[in-house]
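Each structure below appears as C-alpha cells.
The following pair of complexes shares a single chain, subunit A, combined with subunit B in the former and subunit C in the latter.
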Partner chain A sequence: MKSFLRLLRKDLEASRWPMGFLSAITLGIMLLVSLKIATGGWPTQAAVAAVTFPLVFLPLWVLWQSFQTLRTEWREDTVYTLLVLPEPGWKIMLAKLSAILLEYTVLLVVTVVGMLIFFFPMVQEAMLVLPGAGWVVRNGILLYVFSLFMIASTIIFVQLAFVVSKMVGRLQGLVALWTLLLSGWLVDRLGILLEPLFGWIPTIPVHALFRLNELKQGMVADWNIAPEIGTWLGTLALLVLTSYLFEHYVEVNG
Partner chain B sequence: MRIRRITLAVLFLLTVLMIADVRYLGTDLSTNRQSSINFNVDRKAPDFAVEKQQTFVQPQNGLTALVVKGQLGTIELTSTTENTIKVSATIGAENQEVLDRLEVKETVSGSEVRYELTGQNGEGMAESGVSFVVEIPAGMEASIEQNFGSIKVDSFVGFLSLDSNFSDVDVRGLEGTATIQSNFSDVDLRQIAGPITLQDSFSTSTVELLPIDGGYDFDLEVNNGTLKQNVGLKVNRVEKRTLAQGPTGEGVHPVVIRSSFGTVTVKLD
Partner chain C sequence: MSTNQALVVRDLKKKYPKADALKGVSLSLPQGEIWGLLGPNGSGKSTLLKCVVGLVTPDGGDITISGQPPSRETKAQVAFVPEVENLYRWMTIRQAIDFTATFYEDWEHERVEELLNFMRLDPTKKISSLSKGMRARLKLILALSRRAPLILLDEPFSGIDPASRDRIVEGIVRQFKSEEQTMIISTHAVGDTEQLFDAVVFLDEGTVSLQGNAEDLRRQYGRSINDLFKEVFA
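What follows is the complex of A and B.
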C-alpha cells in the first residue's frame, strides 16, 4: 500500500502545476463573467456558459492527461526507474489512473466551489425549481461516482493505446490512435456477446436511485446492465493486459 | 523484435475482425442489443383540484384549418357531417386562484381557427392543464399539439397533423393524409387509409394500414431502433440504420417513416 501511495504521490506532484493553472483559469473565467454580469455588460445566462465550459473541458483534459502522464515518463527517461522498481505493472498503472481521477475530482470541486462563490444568487434561483439541497447533493454525488467509472474506462483505453504504441518501432501515434479505436470496438462487442449470460440480472431502478419522482411524478428510468457487464469485464481485462505489457514487453527506447 | 511482430499481428487480426464485423455482422449484433436505459414518463393526466368548462361553436364558413394546443389532458377529435366546428374545453388547476386566471382562447386568423390555453403565469406545468373534445366538418385540416397527455382521433376524414411529446396517440379510422411528429410517445394508428408521414424519436409506433386503391409506396427508415413489418418489403441494414422501401400495388400513396431510437411496427391488412 505504501509503495502504491508513493507512486500516486509522484504522479500527483508531477501534475500540480497544470492543475493549479487550470484551477486558476476556471476561477478566473468565473470571476470575469460574474463581474461582467454584475456591471450589466453580459446577460445572466453567461453564468451557465462559465460553469459549463470547465465541465465540458474536463473529459478532454482527462484524455490528454492520461496520455501525458505516460509520455512524460519516456520524455524524461523516468520510465527506466519505473521499470526497475520492484513493483508490478498493475500498481504503476493503477497509481496513474487514480492520480488522474483525483485530479479530475479536484477540478470538479474547484468548478462547484467557484459556482457557489461567484454565482450564488443564480444557484439559489435554480434551487427553487429543484426538490431541495439534499436531493441535489445526493444526485450530484451519484453522478460524480458514475462519471468516475466512465473516466476510468477512458483512461484504461488511453493507457493501453500508449503502451501498445511503444511496442512498435514506427508510426507510434497512428498505432496509438488505432489501438484506441480497436479497444473501444472490442469491449463493445464483448458486451453484446456476453449479454445473454447476464440476462438474469435485474434492471436497476434509476428513478428510485436518483429520486426522480421528487422532480416529477411518474418518471420511470430502468437501467438494464446486462449488456454493460461484458463491457466492464473487457475494460478490466484491458487494464490487466496493459499492466502486463508495460511490465514485460514495453520498449524503453521506443 | 518478436514482440513487435506479435503486436502488429494482433492489431492486424483485430482490424480484420472489426472490418468483418462492421461489414457483415455489426448491425445484426447491434440490433439484438437491448437498450441499456429505458426512460418513461407516466402520461396519466393528473387529477386537478378544480375545473371549469368552456364551449365554442363556430360555423365553418370559410374556415379550413383548425389548430388545438393541449397539455396534461386529453384531446379527442372526430369528423362530422355537419358544417359546424364544436370545441369543448375542460381546464383544470391545482387551486381556484390559478384556475381563475386560465382560459381557452379562440383565435380566428384567415381560414384558420386556433384554440389554446392562456393565462399561465409562469407556474409549473403540473399546476394546470386542459382537455379538449373537438368535432369538425369532414375534409378540414386539423393540427394538434400535445404535451404530457393523450390524443384520441376517431373516424377522421381530412388532413391530420399531430405533434406529440410525452403523450399517447391513438388514431382509429383515418381517411385522408396524416403527418405525425412524436417524441417520447406511444403512437398507435389503426385503420389508416391514405398517405402518411411519421417522424418519431424515442417512441413506440404502430401503423396499421387498410388496403387502398392505388396501393402504398413505403419509405421506412429506423435509426438505432427496431422495425417490424408484414408488408413483405426487403429490409436492408446499414450500420445502425434499418431501411425498407418499395410499393404495394401501384404505389400511389406514400408512407414515409423516419424513426430514431424507437420501435416501429407497420402492418397492412
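What follows is the complex of A and C.
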C-alpha cells in the first residue's frame, strides 16, 4: 500500500502545474463571461457555454493526460526508474489511472465551484424548475460515479495502446492507434457476446435511481446492464494485460 | 550451477531494428568483485546491463542473478545506475531519496546521509537546478545507499567534470562491500577508473573480445588495462 501511495503521490505531484493552469483557465473563462454578462455585453445564456466548455473539454483532457503521463516517462527517461522497481506492473498502472481520476475529480469540482461563485443568480433561477437541491446533488453524484467508469475505461484503453506501441521498434504511432481502436471494439463485442450469461440480472430502473418522476410525472427509463457487465469485465482484463506487458515486455528506447 | 556467481549470462542476443546489439555474450561474475565492462560506444555495454535489469527483453540466451532468472525478486537485488538522466527533475534531492527508499527493503538511511555529506549535495536542492556532475553523484547515492548484492553502473563518469569523477570513484571505493556485493561498471573511459577493477570484459560490436582478471591481463600483455583498451579498440 505504501509503495502504491508513493507512486500515486508522484503522479499527482508531476501534474500539479498543468492542473493549476487548467483550473486557473477554467475559473478565468468563467470570470470573464460573468463580467461580460454583468456589463450587458453578452446574454445570460453565455453562462451555459462557460460551464459546458470545461465539461466537454474534460474527457478530451483525460484522453490526452492518459497518453501524456506515460509518454513523459519515456521522453524524460524516468521510465528507467519505474521499470527497475521491484513492484508489480498493476501497481504502477493503477497509480497512474487513480491519479488521472483524482485530477478529473478536482477539475470537476473547480468547474462546479466556479459555477456557484460566478453564476449563482442563474443557478438559483435553474433551481426553480428543478425538484430541489437534494435532487440535484444526488443526481450529480450519481452522474459523477457513472462518468468515473467511462473515464477509467478510456484511460485503460490508452494505457494499453501506449504500452503495446512501446513493444515494437517501428510504426509506434500506428500500432498505438490500432490497439486503441481494436481494444474498444473488442470489449464492445465481448459485452454483446457475454450478454446472455448476465441476462438474469434485473434491469436498473433509471427513473427510480435518478428520481426522474420528480422532474416529470410518468417518466420511465430502464437500463439493461447485462451487456455492460461483459464490457466492464473485458476492460478489467485489458488493465491486467497492460500491467503484465508493462512489467514483462515493455522496453526503454533503444 | 554455483550459487556464489552473482551474475551468469549465457549466449545473450539482442537485436534492435537497425543493429545487432548483442551477438551471443557469455559472462560469469563471481561474488565480491568489481568488474569493468569496457568497450567503445555502440559495443553493447548498455544493452547488456539493460537486459540484466529487465529494461529490454533479450532475443535469445539466458541470464541468472544469484542463481535466479530475472524477475521482480531479482529487481530487488540489483541497484542500477543508467547512463541516461532517469531522475524526476521536478523533485528535490530529498524527495528523490524518499521516493527510491520506499521500494527497497535493503535501503540504509544512515548511509544516505553519509553519502550526501561526502558527495557534497544539499538535499533541499531541486534536481532541475543541479549540474550534470551533481546529478551523476545523486544517481550514485541512490544506488550505493542500498545493500544490493549486485550493483550495475552504466557509464557513471560520462560527461562528468574531473572533480565529480574523483568524488564518484572515491565514493565507490568507500561504499563497496566486497563480502556481500558485486559491481559492474561500464565505461569507455578507462584511464581514471582502472584501479577500481578486479576483472574486465572487453565488448566489441556485441561480442566479448577479451575478459579476465585485471592483474593477470596486465601481467600477460605487459601493459595497463587502459593501454590494452586503446590497442584493442584502436
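Operating definition for what follows: the second predicted complex is superposed on the first by the 253 of 254 C-alpha atoms of A that agree within 3 Å, B and C clash if a C-alpha of one lies under 4 Å from a C-alpha of the other, contacts with A are read in each partner's own complex, and residues count from 1 in each chain.
Simple rule for what comes next: a contact is a pair of C-beta atoms (placed from the backbone, for glycine too) under 8 Å apart; a residue touches a chain by one contact, two chains touch by 3 or more.
All of these numbers come straight from a predicted model, not from anything done at the bench.
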First, second, both or neither for A:A14, with subunit B first and subunit C second: second
First (subunit B), second (subunit C), both or neither touched by A:Y249: both
First, second, both or neither for A:E228, with subunit B first and subunit C second: first
Comparing the two partners subunit B and subunit C, which touches a greater set of residues in subunit A: B
Contacts of A:E195 with subunit B and subunit C, given as first, second, both or neither: first
Partner chain in contact with A:I29 - subunit B first, subunit C second, else both or neither: neither
Subunit B versus subunit C as contact partner of A:A237, first or second or both or neither: neither
Subunit B versus subunit C as contact partner of A:T78, first or second or both or neither: second
Contacts of A:P86 with subunit B and subunit C, given as first, second, both or neither: second
First, second, both or neither for A:S3, with subunit B first and subunit C second: second
Doubly contacted subunit A residues - partners subunit C and subunit B: 169, 249, 251
Touch list for subunit A against partner subunit C, complex: 2-3, 6, 10, 13-14, 76-81, 83-88, 169-170, 247-249, 251-252, 254
Subunit B to subunit A touching residues, read off their complex: 3-4, 7-8, 11, 14-15, 18, 21, 29-30, 32-44, 46, 124, 126
Contact footprint of subunit B on subunit A as seen in their complex: 129, 164, 167-169, 175, 178-179, 182, 185-186, 189, 191-193, 195, 203, 206, 216-228, 249, 251
In the complex with subunit A, residue positions of subunit C that touch it: 16-17, 21, 47, 50, 53-57, 72-73, 75-76, 78, 80, 82, 84-91, 99-100, 102-104
